Every structure is written in C-alpha cells, then in structure tokens.
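You will see two complexes here that share chain A, one where it goes with chain B and one where it goes with chain C.
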Partner chain A sequence: MTQLVQALVLGLLIGGVYALMASGLTLIFGVMNIINVAHGALLILVAFITWKTWSVTGIDPILLSIVMTPVMFGLGWALYKGVLSRISGTSPGMSVLLTFGIAITIEGVLNVTAGNRFRSATPSYFSQSYRVFGISLPKAQVYGCLAAVLVLGLLYLVLSRTWTGRAIRATAQNASGAALVGIQSAGVAALAFAIGTATTGVGGSVLSVLYPFFPASHYDWISRLLGIIVLGGMGSLAGALVGALILGLAETLTATYGSLQWSTLIFYAVIMIVLLFRPQGLFGSRLRQDVMA
Partner chain B sequence: MLTISGVYAGYGGGDVLQGLDLEVPSGAITCIVGPNGAGKSTVLRVVSGLLKPRLGTVELDGVRLDQFGTAGVLGKGVAQVPQSQALFPQMTIRENVLLGGYTLRRDKQLLTKRYDRVAELIPIVAERSNDKAGNLSGGQRRMVEIARCLMVEPSVLLLDEPSLGLDPISLTGVSQLVKDANAGGTTVLLVEQNVRLGLSMATHGVVLEGGRVALEAAAGDLMANPEVAELYLGGAPSKAPAAAGSTAAAAGSAPAARSGDASTKR
Partner chain C sequence: MTLVDSLRTRTEGRRGTLVIIALFAALFLYPVVLPFAIYEQGVLLLAFLTALMAVSWNIVSGYAGYVSLGHSVFLGLGAYTGGLLAEKYQVNPLWFMPLGGLVAFVVATLVGMVVLRARGHAFVIITIALLLSMQVLVTNFPSITNGSNGVNVPLPFWSSDYQNMPFYYLFLVLLLATVAFAAWIRRTKFGTGLLAIREDEDKAAAIGVNTTRYKVLAYAVSAVPIGVAGVVYAYFLSFLNPVGAFALLTSVTIVLSALAGGRGTLWGPVLGGFVVSIVSEVANVYGGGSQSRLLVLGLALVLVVLFLPQGILPAVAARIARRQAAKKTVEYTDQTGVATKRTPIVVTPRSAPQAERTPAPLLEIRGAAKSFGGLRAVDGVDLTVEAGSITALIGPNGSGKTTLFNLVTGAMPVGAGEIWFDGTRIDRLPAWDRAHLGLGRTFQTTRLFKSMTVLENVVAPLPTASWGLMAKDAVSGHEAERARELLDFVGLGRFGDQQAGALSYGQQKLVELAQVLMLEPKMILLDEPAGGINPTLINRMVEIIRDLNRQGIAFLVVEHNIPLVLDLCDPVAVLSRGKIIAQGPPSIVRADPAVLEAYLGPEWLPAEPVPGAVLDQAALSAKGS
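Here is the complex of A and B:
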C-alpha cells in the first residue's frame, strides 16, 4: 500500500515537471501550427547555463530560473522575429525542418563550448528527502514540481485574464476570426513563441538538478514531450497537463512493479491505444480544418 | 460612401475579382447576389482587409482602406461577419463578444458600456453569456457574431450570407437585427445566396458575375427584373415564391445560362 502511494506521489511530482516542459511546446503549436522540435534543445541549453552558473557561483539552480525565464523570453522573441516568422503560413512540416536545424545548431554549440559529457547540478538538498506519513519525497522533486505548478498557474492567469492571453487564445482557436476583431497575428505569434520559450527557463533549470544531461539529451526530451502533447491533444494546455501526469505515473508505476525499462514502452502503448479511439488526442479539438472567412 | 474601384484580387491562381467597380451608398443596405463562386465573399474580404487586392482601391468617404490590414480597416469603422466560423468555439459568449471590442480594450468603461448595450439589444448574449460558443446553434451563432461586430459601433457592417443554415425564426431575428442596425445609421453591405430574402431586406441590389458587376439597381427593381427572376428567384417575378432549394439550384446553374442563352432556359 505504502509502495503504491509512494509510486503515485512520485509520479505526480515527475508529471508536474513534464507538464511544465510540455506547456510551451503545445502553446506554440496551438497558436502558430509550429512544431518546435528545438524545444528540447532549448531546455538542455538552459540546463547547461544553469549548471555552469551554479558550479561557478553556487547559486541555487532552481532559483536561477528567475533570471533564465526573461532571458529565454527574449531569445524566443528574437528567434521568432529573426527566423521562424519567415515560414509563417507554411505547413507544420516546414517548421519541423527549420526548428530541427535550430536544435542541431544548439547541440553543436554546446558540444564545442561545454563538452560532450554528462552533467548534473547537485545542490546541498540534492540527495535529501522529506518524510511524510512514511512516504519519502525527494526535495529536488518537490522543489521542481512547485516551480512547475507556479509557472503553470501564472501561464493560466495570463492566458485567461489578460488581453494578451485572450488574443493568444483567440488566434489559436480561429486565426481569421481573430484578425477580424483587430488582433494582429504577427505580434501575437511572436509573443506566444516568446512565452512558450520562456517556460524552458524554468524547465531547463529544474532539469539540470533532476536529470543528468549532455548536449544530445535533447532528442530524448523532445520525443518524450511530443509524446505527451500528442496524447493530450496538440495545442491543448489541459491535454499537456494530463498527458504529462500519465507519463509520470506510467514511469513510477512500471518502475515500482516491473522494471524502469518498460516505462517508455507502456507510455507509447497508451498513446497508441488512445489515438486509435481519439485521433485528435485526449483534449484535442476536432482535427483542425482551416477556417475561411 | 464606400467606393471600390478597379479591384483585381485572387488567391494566387488567377484573379477572382476582375476589375470590380462598385459604389455602396452610405446609410443604405446594399445586397450583392450572384452564382456560387462569383466572388461575392471575395469582395467582402477585400473590403475588410483579409485579402489585399492586387490592383485597385477601396475607399471609405475618400479615405483609402486597401492599404491597411484588418485591424486598420476595423479602426476606420468597418466590421465583417464572415460566411462561416467566425467565433472562438472554446470561449464563452461573453468572451467572444468582449473580444469584438479588442481595439477598445484600453478604455474599460467604454467596453463595459458597449457590452451592456449589445447584451440588451441581443438577448442571447445575456442569456447564454457563460456558455461556450461552440455549443450554439447556427442561428444563435449568427446573432453572437453580429453582436461581436456591434461592439465597435461600426459605420459599415459587412455580412456574408447571414441566412446560411438558419431556421425561419432565426432568419426573422437576424434580418430584424440588420434592419435595426441600419436604422441606427449603419451602412450595410450584404451578400446573399437566398436572393429573395437578401433583396427584400436591401435598398440596393448588385448582381455579381465572373468577378464583375453585371447589373446594379434599386433592390425592388432588381427583384422585378425578368432575368434576375428567371435566374435567381426560380421563375417570373409575379409567380409564387420559390422554395429555398430551387433558388440555390438556379443560382448554381447561372454561369452556364449567362452566355446569352438565358431565354432558352424557359
């Protein structure tokens, strides 16, 4: 019994972090139909910067996300204005090619500057745990999940309570409808891309503590994150949350009752079965048809 | 006066509008009719800024509109209800209508005032304010779409087939709403597949064929015109009303009939 609760709690903690990492990816797809394959590489980039800063200054890696978030917001904005806006209006396939190029570039830069070795930030609480009712909660997991919940909550507030958020959601739901009420799609797209990228500022910092990484780790991460948003429904934030929790639980439950090697397989089996019955994913709206005015 | 002069526009594969000249008088209800694919929706898209013309100009009271995108055109007081799917389906009715006032968002008071007025004018906005727009019926959706446009108190309202897919009761509601807006001083430019309904609402009628104006007259005169009656009203002007289905069928076959053999069509 304790074992089951332990697995469930840990699964939710892990899932929360996955949700944070997947949220930016699904937001960017929802608004612009861009499949940002570089999202994983951006996470790894942040993880490296965080790890380096921590190892030199000793500042807490998760706290560093307070700095990394605005930095990544700026980088996202620049990437969109400088690179991605050039393919606006073309197919999602085009965006995969372009962002894959960005991902490889980031990987290459990291290989040269940081070296092709596993890294991990290990602050003092790294191997400590809280004990609650006989259940052990690794401190790093708890802090990571708290940071994730905070960011997701903030994202929710921005999207639901501000005009910027309304403009972003409107554009995602009906681009020509948004144009007709005077929303300028170019500005909204840049903003959504910047916000989506800003989430990697927190996600990457948390990653640097929770998971050892090296430059090519981004392949691993992007396939996991794409799996999550396909399961949840491309473009749906609620879907990303649920998909992420399912992945987290699948991992801890299979690791507890079987072997960790099976967890990925189980997760992809879940995706396959769900897609058989709901091709649009759990929370996806009907497959997008382009809406003409 | 909304003036469209020498407009050529299309979607990359040849021009749909081929030198369109059209004057839409202020304060009137002008209705564009014509066969499927004639370019009626394209005219509205060019005016609202969704589509940039390749050549030609659109002016409202002497001010160029064709340089601006949709936001700029809206700023000049021109709002459009598109042919289909204008709303944000996962948002509430209230959010949808409020987004109609996106360009006024800095002025909270004005926004609230406009919303209250629109909700009073169009009861469904108040009644279903917390329902998702995606759950509305076709007629209710049209009402909310018009409500959304009214948030900016447009001087020109563009309506693309407002009757499309509506039941008779919604139809009466929508056409009353259009007439009320017009009585309040709004110029209306309307596209209708249901020619009888469109022309009966309108003061001016325009027949569009092959991307150009084929015929232009007072709406009543157009309805009495034997050729229009033959092609779009399913028979002679004096005859009994045609069912909606046969109207559409006649409109669909119009391009063939146009090449001079309208008379042989019986």
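Here is the complex of A and C:
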C-alpha cells in the first residue's frame, strides 16, 4: 500500500514538472499552429547553462530559473522575430522542418562547446528527502514541482486575466477574427512564442537537478512532451496538464512494479490506444474547418 | 514504356534525362576505371544509401505531404532483421533483403493505421516516438537482440580484394530501383491521389479518394526500399548496435537531402542525397570531426527552409523555364473560345438502366442536425431530392446550406438524423464511399488541385474503391480520353495542359464540374455554381446543367441568384435558421410570406403584395448583404 501511495505521489510530482514543460509547447501550437520541435533542445540548453552557473558559482539551480526565465523569454522573442516569422503563412510541415533544424543546431552548439557527456546539477539537498506519513518525498522533486505549479499558476493568470492573455487566446481560436477586432496577430504570435519559450527557463533549471542530461537528450524530451500534448489534445492547456500527469504516473508505476526502462514505452502504448479511439486526443476539439478559408 | 521514359518527369525535360543517364553511366564505370579509390567509393556508396532513403521518404512526405522525422527507423528495422537472422543461422544476410522490406512494411502499416486516420500533426510526432521506442525496445530485449552489446553480422563472402565494390554496386542498383519505383507511383492513380491529399485533403475525399488507405499505404511503401537497404547496410557495417542502427542523425540527413534537392520532385531527393552526403563528409574531414557535423547539418536545414524552401532542382527548373518562356510569344486565352467551342457529350450516370422508372426519392434527409458549440447550424432538416430533378436549396446567408451540403457529402459527421442515398444509409460512411455511390459535389469557392494540370485534375477522381484502380496509369488510355471529352463538353478542351491555378475563377468552376462528372455521379450537389462568374459563363453553366439533367443526373443546387434558381430548378426548398421553412414549385415558394420574412426580416412588409416580383428583389438585397 505504502509502495503504491509512494509511486502515485512521486508520479504526480514528476507530472507537475512535465506539465510545465509541455504547457509552453502546447501554447505555441495553439496560437501559431507550429510544432516547436526545438522546445526540447531549448530545455537542454537551459539545463546546461544552469548546470554551468551552478558549478562555477554554487547558486541554487532551481533559484536560477528566476534569471533564466526572462533570458529565455528574450531568446524566444528573437527566435520568432528573426527566424520563424519568415515562414509564417507557409505549410505547417515547413515549420516542423525549421524547428527541427533549430533543435539540431542547438544540439550541435552544445556538442561543440559543452562536450558530449552526461551532466547533472547536484545541490546539497540533491539526495535528501522529506518524510511524511512514511512516504519519502525527495526534496529536489518537491522544489521542482512547486516551481512548476507556481509558473503554471502565473501562466493561467496571465492568459485568463490580462488583455494580453485574452489577445493570445483569441488568436489561438481564430487568427483572422482576432485581427479584425484589432489584435496584431504578428505581435501576439511573437509574444506567445516568447512566453512558451520562457517556460523552458524554469523547466530546464528543474531538469538539470532532476535528470542527468547530455546534448542529445533533447530527442527523448521532445518526444515525451509531444506525446503529452498529442495525448491531451494539441493546443489544449488542460489536455497538457492531464497528459503530463498520466505520463508521470505511468513512469513511476512501471518503475515501481516493472522496470524503469519500460516506462517510456508504456506511455507510447497509452498514446497509441488513446489515438485509436480518439484521433484528436483526450481534450482536442474538432472545429469546423470549412469556413476557415 | 521503357525505363528511361518512366524515369522522366515534367520538371527535368529531355536534356535533364541525358545528364542523368551520363551521370549514372559514370557512376557505374567509376569503380572499374579507378578500382583503388576505396575511400571515394565508400563515400559514394553511403551517398547512394542516403539518396535512396530520401527518394523513399519523398513518397509519403513529398507526394502526400505528411512529414516523417523518424524515417531512419526502417533502416534499423531492416538492418536488425537481416543482421540477427544472419548471425543466428550464419548465412549471407542478403537472402533476407525481401524480409527486411516486409518487416518495414508491416510496422509502417500498423503504426500508420493508428495515427494516419486523423488529419494533422499526430503523425510527425509519432514518427519520432517510433524511432526512439525502437531504440529502447531493441536495447531492452537482450535475449533476442543482444541488447546494447550489439550484433555481429557475418563478414562478406567475397574476397577482400574486392573491398566494398560489391556494396557499391548493390546500393547503386537499389537506388535506381527505388527511383523507378517512386516514378511509377507518381504516374499511377495512387500517386495522383497522394498529391491531391497534399493539396486539399477534404476535396480529395470528396472526389472518391480513400484518404486513410492512401496515406497508410504511402507510409508503408515508403518504408520498403529503406527496409531492404537496411539489410545490405547491416552487412556493410558488419556490426549493429541500437543507437547506431536507429539513429536520429540519419533521419536528419534524409529530411535535409529531400528538402534541399526538391521535395515532391523525382530526382530532387537523389541530388540532395548526393550533395548532403558529400558536404557532410567534407565537413567531417575539414571541419573538426563529427562533433561539428551536427551543427553544420542543423544550420543547413534552417537555411534551406528559410531561403530555398522549394529545393535546388525546382529552383533551377524554374529559372530554365523562365528563360525559355521569354523566347516564346505569349498565347492569350479568351472567353469567346470558351463560349463557342463546346461539344455535346453523353454522360451516363450509373443509374442509367433505371432512368425510365417513375420519379423516386434519390436523396432523403431525415431530421439531420448539426451544432457548432451552441450554434445549431442545421436544426432537424427533412429534405427529399427526387431522381431526375433539379432541386434548389435557397436561404439567407448563414441559414445552414453549406453545412447541410457538408453533412450530405460526409465532410462533417451529422449530429443527429439520417441520410439515405439511393436506398443506402450514408450518414456514417466516409466521404469517399459516398462519392463511390455516385454522389458528387462542387464547392462554393472552387477547390481544384492548383499545382496539377487541368487534365490531371479531371482524371483525379476515383469512381470505385478498387485496389487495382490505384495501380493504373493516372493519365492514359480510356480515362484520359474520357477526361478530354468532358473538358470539351464544358468548353475547356484547349486548356487540358494548363496549370489549374492559372485559369480564371469561372473556368475553374467548369473544370470542377468536369471533375465531378468523372465520378459518373447519379447526383451532383452544386454550391453556388453561378457565384462570382460572368453572365456568359452563367448561361453556359445553366446549359450544361440542363444537358446533364436530361441524361438522368439529379441536382441539388445552392444559389443566391434567385431569377436563375426560379428559372432552372423545380422544386425549390427554402432553408432558414437551420430549418426548411418552405418547399414546392418556384411559383408558390416565391410568394410564401415565411420566405419573404426569412430574407427581409419581420419588419418589412410590402406596400401592396405583389406576388412574383417580390422575392427577386429580396434576393438582390440578400446578395448585397
């Protein structure tokens, strides 16, 4: 029993972190219809910078996300304005190829500068745990999940309570309609991409503590995160949250009762089964497409 | 048809063919002339493999437009199939080449059947996931695959004096076979269907293309050559491990090659494969080793997407075409040619034998409903179209006419109600099955496949679901003849070889009609046939509709041009706020107060009731809105 509760709690903690990482991805897809394959590479990039800063200065890696978030916001903005906006209006296939290219470029840069081996930030609390009712809660997981929940809450407030957020959601639902009521869709797209990228500032910092990583880890991460948003329904924030919790639980449960190496495969199996019955994902909606053109 | 002919495509032309023949002749002679250029042969044979994979990738991602980012999974599957069996039974792996292709085919089919049913993005994501899962799977089954320790494949049976020369020829021949295979697919109905899916998937379904089957099959056949080559690759490497065999870097190379060379063209991916392999080898040697290779490939991919999105080959072809076009005198097309040169034709709808029978309901809509969120666009419609009639469906903008069309043709699922067509309940059938039953439609704004020629557009529809039909030549024999007849019938015979996108809007409407006629339909749904075209063409459209109707084809027409509707159609049904509010002969419907109210609002009352002229005015103001 304790074992099961332990696995469930750990799964939810991990799921919270996944939710944060996937939220940026699904936001970008919802607003721009772009699958940002570079999202995983950006996470690894942040993880590297965090790890480097921590190992040189000793500043807490998760706290560093306060700095990394605005940095990544700026990088996201620049990436959109400098690169992605050039192909807006072409087929979505091209944006996949472009972000794929960006991901590989980032991996290449990390390979050349940081070298191709595993790293992990290990602050003092790295191997410590809280014990609550006989369940052990690793401190790093708890802090990571808290940071994730904080950022997700902020994101939710921005999207639901501010004009900017409303403009973003309006563009996500109907770009030309939003343009008609005076929303500059190019500006909103840049903003959404920047916000989506900014979430990697926290996600990557947390990643550097929780998971060992090397430049090519981004493939693993992007396919997990894309799996989450496919499962939840592309473009849906609630879907990303649910998909992330399912992945977290699937991982810890298979690790507890089976073996860790099968956990990702179990998750993909879940995705395939869901897609078999709901091709649009759990929370995905099928809107009419005949009037879009 | 000779091999050379079949390898020729429109983009490359005759001079291009000569260049290609000369190039491949040189490649065949190269090891004979310079047998000791072992390093160069090694680079070239990997370029052949890359080109082969890019050509295969192009079938699903170029022709059909569904991008796969994990296509190297099939190389790994083929390699492991051949490698493991050869190791176990200590035989020559080359015997397992067909099996490698088969394994790739089966895996792609299974995965495709799950993710390719819906449109959109799940596919691209699952392709990456598939590659990574295979890595994990192969690592985690050490009892079968020897896990991360890898597989030792038997060494080549030939004398070491020959070095890699047999592999060189093997990959070269496989490459040529793959190109011939891709060229053949492009020529068939299957290939045209894939292009149709890339350009407009809903439209493709509406003209009878079983889009799910096409997409899954495209993915599956694009895996086969790679699976076959994978077996040879295993033999060539002589050692396999999970990370090397299922490498994402290989996928990157495939995508970059096809894209740089020219996605969707026949020879573009070959050119791209050569260029990318050689550039990457050069970067490897002079650019600081394999660490920087990734950086170079990534940057190259970004730059190609940004600055050369159509690829090298199409860019060069466009430049040559421009230079040649400058020398030619321009030939203008004119409307007079369209208006006068029209040949009569016998269009036999498939219900012809029963055409004599008394009018019976051909299409029956019972209580059909469809909501979008809170908006009930179609709210319990009952409508019957008699065989042999021209029934009109009119109503103000937003009354649900096009949505009703979409429900009937299967572009959208019904929320409630039943639809029967010619004795079959169709509301749960996919769009293509409805087309095969003899239900055709045109669209409010024309939706031709703009990059195909007019003739290719007209032969694209598939009147049946037969598998054999897919393998038939797209533009040849009886069908092409038929398509030309139909084009003559709508008066556009001269434009067969023009790009469909180059025609005027009205001409495109006529081509779309000819396209639907290829389905040999029993009934055609016309969505605003006269919208946005000039009066001459409207008259011609009316003439054509009458002609076809006399031959037994029923019509359901949505149109805002009320005088035209009242002249052409009988009966007329009026739709307002998702419901049928009036139905009957034109003379009765035009005086119906409910209809007037629907068009002009409840406040509007005529000073003195003038039955007849009123609805015509109403229509004018409705059109203006």
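Methods note: the second predicted complex is superposed on the first by the 287 of 293 C-alpha atoms of A that agree within 3 Å, B and C clash if a C-alpha of one lies under 4 Å from a C-alpha of the other, contacts with A are read in each partner's own complex, and residues count from 1 in each chain.
Please note the rule applied: a residue touches a chain if its C-beta (ideal position, glycine included) is under 8 Å from a C-beta of that chain, and two chains touch if they have at least 3 such contacts.
The structure displayed is predicted, hence computed values, not measured ones.
Because the two structures share chain A, they can be overlaid on it, and in that overlay chain B clashes with chain C. Shared-chain residue A:V112: touches chain C; no touch with chain B.
After overlaying the two complexes on the shared chain, residue contacts for A:Y268 are found with chain C alone; chain B is out of touch.
In the superposed model, C is the one of chain B and chain C that contacts more residues of chain A. Using the contact criterion defined above for the overlaid structures, shared-chain residue A:G177 touches chain B, although it does not reach chain C.
Note on the superposed arrangement: chain C collides with the chain B stretch 225-233, while the other options among 63-71, 99-107, 117-125 or 225-233 stay free of clashes.
With the contact threshold set out at the top, residues 293 of chain A are in contact with chain B in one structure and with chain C in the other.
Residue ranges of chain A in contact with chain B, taken from their complex: 163, 166-167, 169-170, 173-174, 176-184, 285, 291-293.
Contact residues on chain B toward chain A in their complex (touch as defined above): 41, 45, 48-50, 69-71, 74-75, 79-80, 82-91, 95, 98-100, 102-103, 105, 148, 160.
Listing the residues of chain A that touch chain C in their complex gives 29, 35, 37, 83, 86-87, 90-94, 96-98, 100-109, 111-112, 116, 216, 219-220, 222-223, 226-227, 230, 234, 261-262, 264-265, 268, 271-272, 275-276, 279-281, 287-290, 293. Those residues of chain C lying in contact with chain A across their complex are 61, 65-67, 69, 114-115, 117-118, 120-122, 124-126, 128-129, 132-133, 136-137, 139-140, 202, 248, 252, 255, 259, 288, 291-302, 304-306, 309, 372, 402-403, 406, 411-412, 445.
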